[in-house]
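I've put the structures underneath this note.
Each of the next two complexes has subunit A plus one other chain: subunit B in the first, subunit C in the second.
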Partner chain A sequence: MTEKNVKLSLQDVSFTYAKGTPHEMKALDNVSLDIYADTVTGIIGHTGSGKSTLVQMLNGLIKPESGRVLIDGEDVWAKPKEITKVRFKVGLVMQYPEYQLFEATVKEDIAYGPKNLGLSKEEVAERVKSAAAFAGITQDIMEKSPFELSGGQKRRVAIAGIMAMHPDVLVLDEPAAGLDPAGRKLILGGLVRYQRMTHCAVVIVSHSMEDMALYCDDIIVMENSKPIMHGTSREIFTQEERIVNAGLDVPEVTALLKSLRENGFDIPYGVYTVDQAINALHELLKQKKRKGNN
Partner chain B sequence: MNNEENKIPFIKTQDLCFSYEDNGKSIEVLKKVNIEIYKGEYVAIIGHNGSGKSTLARLLNMILEPDSGKIFVDGKDITDENLTEDEMFDVRRRIGLVQQNPDNQIVATIVEEDVAFGPENLGIPSAEIRERVDKALEIVGMTQYARYEPHRLSGGQKQRIAIAGVLAMLPECIIFDESTAMLDPKGRKDVLKTVKQLNEEKGITVITVTHYMNEAAMADRIIVLDNGQVVAQGTPAQIFENERLLNACSLDVPQCTAVALGLKKLGYNLNGDIYDIPSCTEAIGKLLADTN
Partner chain C sequence: MKSITFGQFYPSSSPMHRLDPRMKVILAILYIVCSFLCQSTAAFIALLVSSVLIILLSNIPAKIVLRSVRPILIIIMITSLINVFMVKGEPENLLVSWNFINIYTEGVFNAIFIVVRIFALVIGSSMFLTYTTTPIMLTDAIERLLSPLHKLFKLKVHEFAMMMTIALRFIPTFVDEADKIISAQKSRGMDFNSGGLIKRAKAFVPVLIPLFASAYHKAIDLATAMECRCYRGGDGRTRMTVLKLKPRDFVAFLFMLLLGVGVVLLNRVPFLYVM
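Now for the complex of A and B:
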């Protein structure tokens, strides 16, 4: 694997909610981690593990009480008045972003961000068109009011609006929550295609281990306000015990292979997607046949 | 489940229709839906976003009223306009509902008070309420949190409190409307375990509306809704065999079924059911054992 470039990093970052009150709660505890450029990174962790705070930290929405947040090696809080610049570099799509649409048409909603960047009309139009394509928004709904759309369509319009800003880092908190399987595929597949075309860093937070295994290159596991693991999907999901101890799980397909292994079959490890499982079993069956024929 | 003594369905819908107005246009959500749910059954309703499944759940719990068609509970027409208020409350008590967002269904500031909220409204004597609350918390495994403030709990724990609140009403049936959609894997597992236990040990009829195919695989029977109509129903094994139908409905098969179907497409002969981890382990295990 080629050397990866660090795009964004946290150095010894801590953050506490309601500090100094009886409700004080540590959300990030001395966190150091790197987010790489040209990578789809997944963040997993149980409720309350610090994921959402981490996401807001990446985008400069909250300020670390200690430690530093660096983008391209520069401390984003060095000049607090310029923190809005960070929000252009790091686009954040919050949970259920469909409630934040407000323009008269889908097209204008997606164009809102790029227009504010002071781009030419042509450039804005071009960005709107390509972002819509990545987000799976068809031309026939571009002139409609966002309020006429289905929940899944609205969600994709909100994502397209952030994509059209061309952020260096695109962060999404549960982008597929509540959607049916086809809707999930449309959003997550579109995000990966967008990442491969733009080579930006994409960060996705999700509770679906199956989706994370399928769409992410790297995964960070959060527990008790700290990242406890950071590696490729394969490295993460082969360590089932640690994952389960962190209140998480392995993808169903990984559990199926474990179950076969427990039934006495010699099944390879490190399988976490459906296609990998089919290939691994196909290989195993071919081998057995060959041996049987000898 | 659907045996001799259960010939009369617990819930039956007859040509159920529902639509709503949007910008002066009428949107048909349910088009003559006919389903039957038997006592003690565990039924999953699946369908894409907008297929009408949540609307159906709300009609059964009488949060919504149908435009036309009837709903029978234990043979009694609950859509009858002469239904008294008491009778309506009784239906809502017998058929409880647990919703998607754990934060939207907790009303009190202490867990046990929240669980007591329903029976208190029914005017149940306080000694009996105490008993019901303790029992309900015990069933969902949350006894030790009785005196907690709900906001201190995780999503999965809050959902189990919501279930306890429904249980304290002594329901015969509970509808779960995407109740695990916002939970982390552990929270989901804990809630699903509770649901299964309620069905198997307490005999409570379960209707679950879900986008997770592996959750639907836990049911006795699956009903597939597409564009407001029932397009298929059967056991998980029967439904998940039909990958083409599910894909046409914007749905999917569980991952383990996808692996087994993938092997079939490669020409391997797989016998038996393939809808959850144990059944797929058996089918694929047999294939591996027989190949040599």
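Now for the complex of A and C:
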């Protein structure tokens, strides 16, 4: 793999909600991390581990209490009046984004962000079209009202709305939460395809290990307001013990292979998707057959 | 995710907090009537003393009480100034006379009385009601107090109180929701800090439409949930917490009556100035 470029980075960032009241709650505690360009990064962690606060930090919705957020090496909060520019560079899709739709048609709703960028009409139309394709929105619903759509369709319209702004970094907070497997695949697969085409940085927050293993290049594991692990999916999932200790589940196939290994089968480490597992088991059976024949 | 406390309720277990909410509504009305009955210096002094006593009994810090008076400070100032300059008294009571400005003793006293009266009005409504009674208790009390209207005129008192309770309950929910939608639209480049008045007002459309849509959905969901639990209005409905008047409520009532009688008697005392 080639040398990775740091796109976004957090330096010693802390944040506390409702500071100075009895409801005080620490959300981020001295967090330092880098997010690389041209990579799909997954952020994974328990409820309340600070994931959502972290992503709102990335596009300047929340100002860090201490520490700095850098994009391309520049401090996001250097000029607070120009924070909107940062939001054009870092596109954020919030949790349950289907509630943000408001326009009369799906087409116009996707165009809201690009219009705010001050683009020409032709450019906006072009971007709406390509974003809709990536998000798996078919032509027949483009002229419908977003309020008539199903939950999964609404979600995809909201994601397309941010994609169409062509941000350098696309951040999504739980983009697949509450969807059926087909819906999850449509959204996450579309995101990866979009990333491979545009070579931007994509950050996906989730607590589904399966999804992370399948779609992400890099993974950051959060626990107690801090990132505790950061590496490629392979690096992360070979350290099953640490993930389990952080109170998270490893993907089910990894758990299965682990118990096989513990029972004396010769299975390699770092297998974390179903396809890889099938190959590994296939290999194992072949070996056994050979031994049996001898 | 801001923690917004709705209303001004100040949790405590002071004597005022423990009074029956129905009694507090009645006391607040009586107290306001008392403040209008006052006509002499002596009566206004009694009113002022009673306000201080009420504050002490409510266990609300002075800082918070003053905060509740602050918004109406300008009204108090303007009305008292108008009284000072506009009230025409007896010629022998003329204090200052300069060009067209004539200030009489009557005007000065009227101004002071008005300040005390407005102060008492604010104290009456806030100490008895908003600061020491939760909004839910208050709507409950209003429902009970108005229930004779249901029997007499078939007014939908229970439904009205339920509407108030639901409205109050959903304010924090919608504040939260609005917060989220604003964040989402900001992420899409919404900017309501620049441009002219019309442009700024237009910038709110992407917030208001989703908020309205969600309110509408929540209303339907709530209605379904209520019907699933067989809600059918107030008729024959029993309560989880039944309000019951206690001796202390009657004592409080007695004190309020005493204040009323006292004020009427004090109005005849020729001390300093009588209206």
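The rule is simple: the second predicted complex is superposed on the first by the 289 of 294 C-alpha atoms of A that agree within 3 Å, B and C clash if a C-alpha of one lies under 4 Å from a C-alpha of the other, contacts with A are read in each partner's own complex, and residues count from 1 in each chain.
In this section, a contact is a pair of C-beta atoms (placed from the backbone, for glycine too) under 8 Å apart; a residue touches a chain by one contact, two chains touch by 3 or more.
Just so you know, these numbers come straight off a predicted model, no measurement behind them.
Of the two partner chains, subunit B is the only one touched by A:H207; subunit C is not. Set against each other, subunit B and subunit C touch different numbers of residues in subunit A, with B touching more.
Contacts of A:F102 after superposition on the shared chain: subunit C is touched, whereas subunit B is not. Of the two partner chains placed by superposition, only subunit C is touched by A:A18; subunit B is not.
Looking at the shared chain after the overlay, A:N116 reaches subunit C, while subunit B stays out of its contact range. By the touch criterion defined above, A:F88 reaches subunit C but does not reach subunit B. Within the superposed three-chain model, A:G161 lies in touch with subunit C and out of touch with subunit B [touch as defined at top].
When the two structures are aligned on the shared chain, A:H46 is found in touch with subunit B, with no touch to subunit C.
Comparing the two complexes, no residue of subunit A contacts subunit B in one case and subunit C in the other. If you check the complex, the residues on subunit A that touch subunit C are 17-18, 21, 23, 56, 59, 61, 84, 87-88, 91-94, 97, 99-102, 112-113, 116-117, 147, 161-162, 165. For subunit B in complex with subunit A, the residues that touch the partner chain are 22-23, 47-51, 100, 154-156, 178, 181-189, 211, 213-214, 247, 250-252, 254-256, 258-259, 262-263, 266, 268, 277-278, 280-281, 284-285, 287-288, 291-292.
Interface of subunit A with subunit B (complex): residues 45-48, 148, 150-152, 177-183, 207, 209-210, 247-249, 251-253, 255-256, 259-260, 263, 265, 274-275, 277-278, 281-282, 284-285, 288-289, 291-292.
The residues of subunit C lying in touch with subunit A in their complex are 1-3, 177, 180-181, 183-191, 205-206, 209-210, 213-214.
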